[in-house]
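Read through the structure below, which is laid out as structure tokens, and then see the notes.
Chain nomenclature is as follows: A, B, C and D, assigned in order of appearance, with residue numbering initiated at 1 for each chain independently.
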Amino acid sequence: MSKRPASHHLRYREPAHEGEAIEYLCKRVIYRGRSRFQAIDIIETQLHGRMLFLDGIAQSSEMDEFIYHEMLVHPALLSVSRPEAVLVIGGAEGATVREVLRHQSVRRVVMVDIDGQLIEVCREHLPGWHAGAFEDPRLEVVVEDGRRYLERVEDSFDAILVDLSDPLEGSPAVYLFTSEFYRRVRERLNPGGAAAFQGEGVSPQQVELHARMVNTLKSVFPVVQPYPYFIHSFHRPDAHILVPLDPAWSQAKFVESVRNCGLPLRYLSPETARAMFCLPPYLWKAYERYSRIITDDDPSPERKAGG
Amino acid sequence: MSKRPASHHLRYREPAHEGEAIEYLCKRVIYRGRSRFQAIDIIETQLHGRMLFLDGIAQSSEMDEFIYHEMLVHPALLSVSRPEAVLVIGGAEGATVREVLRHQSVRRVVMVDIDGQLIEVCREHLPGWHAGAFEDPRLEVVVEDGRRYLERVEDSFDAILVDLSDPLEGSPAVYLFTSEFYRRVRERLNPGGAAAFQGEGVSPQQVELHARMVNTLKSVFPVVQPYPYFIHSFHRPDAHILVPLDPAWSQAKFVESVRNCGLPLRYLSPETARAMFCLPPYLWKAYERYSRIITDDDPSPERKAGG
Amino acid sequence: MSKRPASHHLRYREPAHEGEAIEYLCKRVIYRGRSRFQAIDIIETQLHGRMLFLDGIAQSSEMDEFIYHEMLVHPALLSVSRPEAVLVIGGAEGATVREVLRHQSVRRVVMVDIDGQLIEVCREHLPGWHAGAFEDPRLEVVVEDGRRYLERVEDSFDAILVDLSDPLEGSPAVYLFTSEFYRRVRERLNPGGAAAFQGEGVSPQQVELHARMVNTLKSVFPVVQPYPYFIHSFHRPDAHILVPLDPAWSQAKFVESVRNCGLPLRYLSPETARAMFCLPPYLWKAYERYSRIITDDDPSPERKAGG
Amino acid sequence: MSKRPASHHLRYREPAHEGEAIEYLCKRVIYRGRSRFQAIDIIETQLHGRMLFLDGIAQSSEMDEFIYHEMLVHPALLSVSRPEAVLVIGGAEGATVREVLRHQSVRRVVMVDIDGQLIEVCREHLPGWHAGAFEDPRLEVVVEDGRRYLERVEDSFDAILVDLSDPLEGSPAVYLFTSEFYRRVRERLNPGGAAAFQGEGVSPQQVELHARMVNTLKSVFPVVQPYPYFIHSFHRPDAHILVPLDPAWSQAKFVESVRNCGLPLRYLSPETARAMFCLPPYLWKAYERYSRIITDDDPSPERKAGG
């Protein structure tokens, strides 16, 4: 009986973005639970393979997580010469640290995620994501709010990767999108270091939060480079944002780093590196239009999607 | 973690009736598989408890299956004096035979269902439905098409209960709704016996198949008594149909049988027995309007629901 | 182009009951708007014809509103000898007054609904519901909260019909389901009068509110007679509740009134009248179990459905 | 009443890609109808503004159609020196011809679409799309199957834009994705001309049809340049494909053309022009993997999405 496909009636419903919902056909329900912080669902979907959802929002999928994670990690690490200490904020799936650990210069990775139960669940059910990274002796996992960690420690890092989910109303992530937080990120970066941030949606429909992130980062960092990518399982174009501190950083130099990195990547290549920072005019306009800085006093939470 | 409720994003989508769909919030997926004949899903829903779906269509739910099964079984058995041999066609869940076996006069029950794998799955995952009935030595399970069985055997029965799913286009059930089939049911009934049939929907919206079933049964049996019932998990009013062969059968006598049956039932009582055969005028009109007999040459399959 | 059916992609989604959603295929969108009190949608559905939704909840459908309205109005009016003055609370569609006005003894009908815009919309877009009732000189429409009206006026009535939507959290209807309200209904009834109430769901899944309504009414009225009905467009079994004040009222006498009423009804008949008050054992049990009286201090709102 | 938002219960359900469905909240239903060829729906959605759906599949949205149409038209026209005669196959919305007509060298545009009723509907209800293009004397509209037109006429063109919907099973579009069709396109192109094709999805999940299109085009044209773009309302990354015939064509020369074109575009700019042909490694792999040529004898229809 097991060889024939199951019915197509089981669905996972994501109230995706304000104004619409995505309904995924489920091949199998891998895990459902609820930690202190969020509902955790791991579903094997028909189109995207295994997917992780937090509070019903898609975080990553087996079929295209490589795009998200390669593009979050390598631009920052390849903007630093011989990165040794790396901080990952968020990233419970383990795929961000997986990509970090491919860099042989890296000696220490600290991953700070608020949700220890989520880490355990991902470790058990998303082996393709962490690919054994949790066993790497260079990795140190800290279960703590990322902002509190950054305010508490005095360690400094060559790269900081901020791998957060959306700053939904009422979520603690809201205070990891403010200029106060970004300033603390800067303080913990070594000279010549770099950071990268999950940078939210960049469609004409939903660009405000991204544009305000960019402007908020510009108020803190000398160079801010957003770069769009599109992954099918997010169902909209998104961007990450790179902030390289090396005064000699340039796109050309970055392309060279990619060319010489020696990593067999599936999305980032000298070719895509050359293209990735090129933005369409409508996005430049959005940066002019949505210029208000996000601060602790004036944060910018997303409303919870209906649907 | 296990004590907190899971997310409400997992849904089961039933393209219920032509023109609409029902979406059930899932607490847990109990079983999904596919037999030679159909997709089998057992889902723990939030509102109805555990439910069985075949090819996506709700068959019965933990919360109200007692209504369906009490009302299919007892009216027929209480229309026969001391029923001993009972045939159940369909009814893989085991709840129909469970109710049959509560009658102490019953010595032999034959249950014929085409789908042996479905029986196994129900036996394992719907213990509340069969309640051990499959272990009763009086029960004989035959895995065979119900119509073929009836045409093959020469055994006769005091009661025959036809517990089928909808005659959807292309399904073998289509030929268990025709006058040819009903004639064979009649031939296998002992004098003074009775049969009952799952009788489909009776709403003004979807009454045609029911009305034609009634008229088809009237072309074969001397007395045909439809009786509506309502179960929430079907999301529409349905009816069963009783055909008592005892020439002395009357509603009053039937109420007496219910009063004296000694079974602690939750739906059928002398009170509901007195009421159950009373039909609204619109239903009588439907019997006049949809008078075409269903035959092997002119069957009446339901179109598969979209949605 | 107009003769061919439109696509089946347009849907109306009703988060029907807690734990599920119904999705209706739409043939046409007749009206959408929002009054001071609620969102009003009138949709031509594929299965049920035209339907009225308030805040997304189905109120009645073209195909089966006759069942709801016949069964709300005539049991009460036929429990009073020659009703002349009738009060309808709610019922903006106009179908309740339509049925009231079929009784020739009726001289005055007061309809009190809080939502004047809803009345206008129904008058324009639901002609089949009111069937001209709003032009009848015997009808007086009052736009006011039903409870405030009852507390304000000193008029008395031979029959009072309480045709309300569900007492959802935060809705003003919540205080029209309490013993204080029922007492005021009783005070405004003439001796020998009768009232009927929309009585909510009676499935094993969702019977608590109905059972508490019955017990609350029993704390105020001498005779309380719930009677279930099932209409497809509500997707669950519901009941109305009759409270006749005539000390000589009996089911037998009521059946006689129905027999002699001379109205060509489609659902209520001497046959269904004889059956309608017969309740299944599980419902009697529910009345024992959910005995807490609903009061202004301890109301019983329904939570808003998710889905 | 009209100022307050309508309810959010009206939805448009797109069985988007195999394996999932998108549900759009509808602000308003603008048009629904069915031509000889397809169901046509124009809906004002909450997130994307007005949208056109054919047989339930999103074609373009008010918020991001500029990306789709700029990127289909200008790369081809800017790859030709002074294009005068342009053929558009498909494109009933009028936005493709709108963009073509912005080029002052253009003297004649022929738009061939099989569905005359669709053109009329778009002309009336999508004024933002055509922006008056249908009144331009340079435009000639031919209602005919695009393939039949190309096989019938002997006219030749400087640019041909193939703006088709997905080649769904059973649709006539299937034979506009084969090498035979592409050969005919080549024959009708003037020397130094260029064509562009709507090139389908490029996600790792759904790249096969695109990859086979590219390989099929390569079997016919000397230079084939796919270029991805992302539009939110398609909910997946897509690509167009450029085939320039000018032997002197190069990416650098193309960037110069964009820089000098003098059109105030919102997506295409020298910056995005420089980036657009840069492809990620996974896509290059897909071209190797899905190498089978699409032919009339072995077409590659997409299965209709369930959902």
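Rule of thumb we're sticking to: a residue touches a chain if its C-beta (ideal position, glycine included) is under 8 Å from a C-beta of that chain, and two chains touch if they have at least 3 such contacts.
The model shown is predicted, which means the values in this text are computed figures rather than measured ones.
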{"item": "Set of chains adjacent to chain A and to chain C", "value": "B, D"}
{"item": "Centroid spacing, where centroids are CA-atom means, of chain B and chain D in whole angstrom", "value": "53"}
{"item": "Whole-Å separation of chain centres (CA-atom averages), chain B against chain C", "value": "32"}
{"item": "Chain C, residues touching no fewer than two other chains", "value": "8, 23"}
{"item": "Pairs of chains in contact (touch as defined earlier), listed by label", "value": "A-B, A-D, B-C, C-D"}
{"item": "In the complex with chain B, residue positions of chain A that touch it", "value": "1-2, 4-14, 23, 26, 28-29, 32-35, 39-41, 43, 53, 55-56, 117"}
{"item": "Residue ranges of chain C in contact with chain B within the complex", "value": "8, 17-25, 45-48, 63-64, 66-67, 201, 203-206, 228, 230-233, 235-237, 265-269, 271-272, 274-276, 278-282, 285, 306-307"}
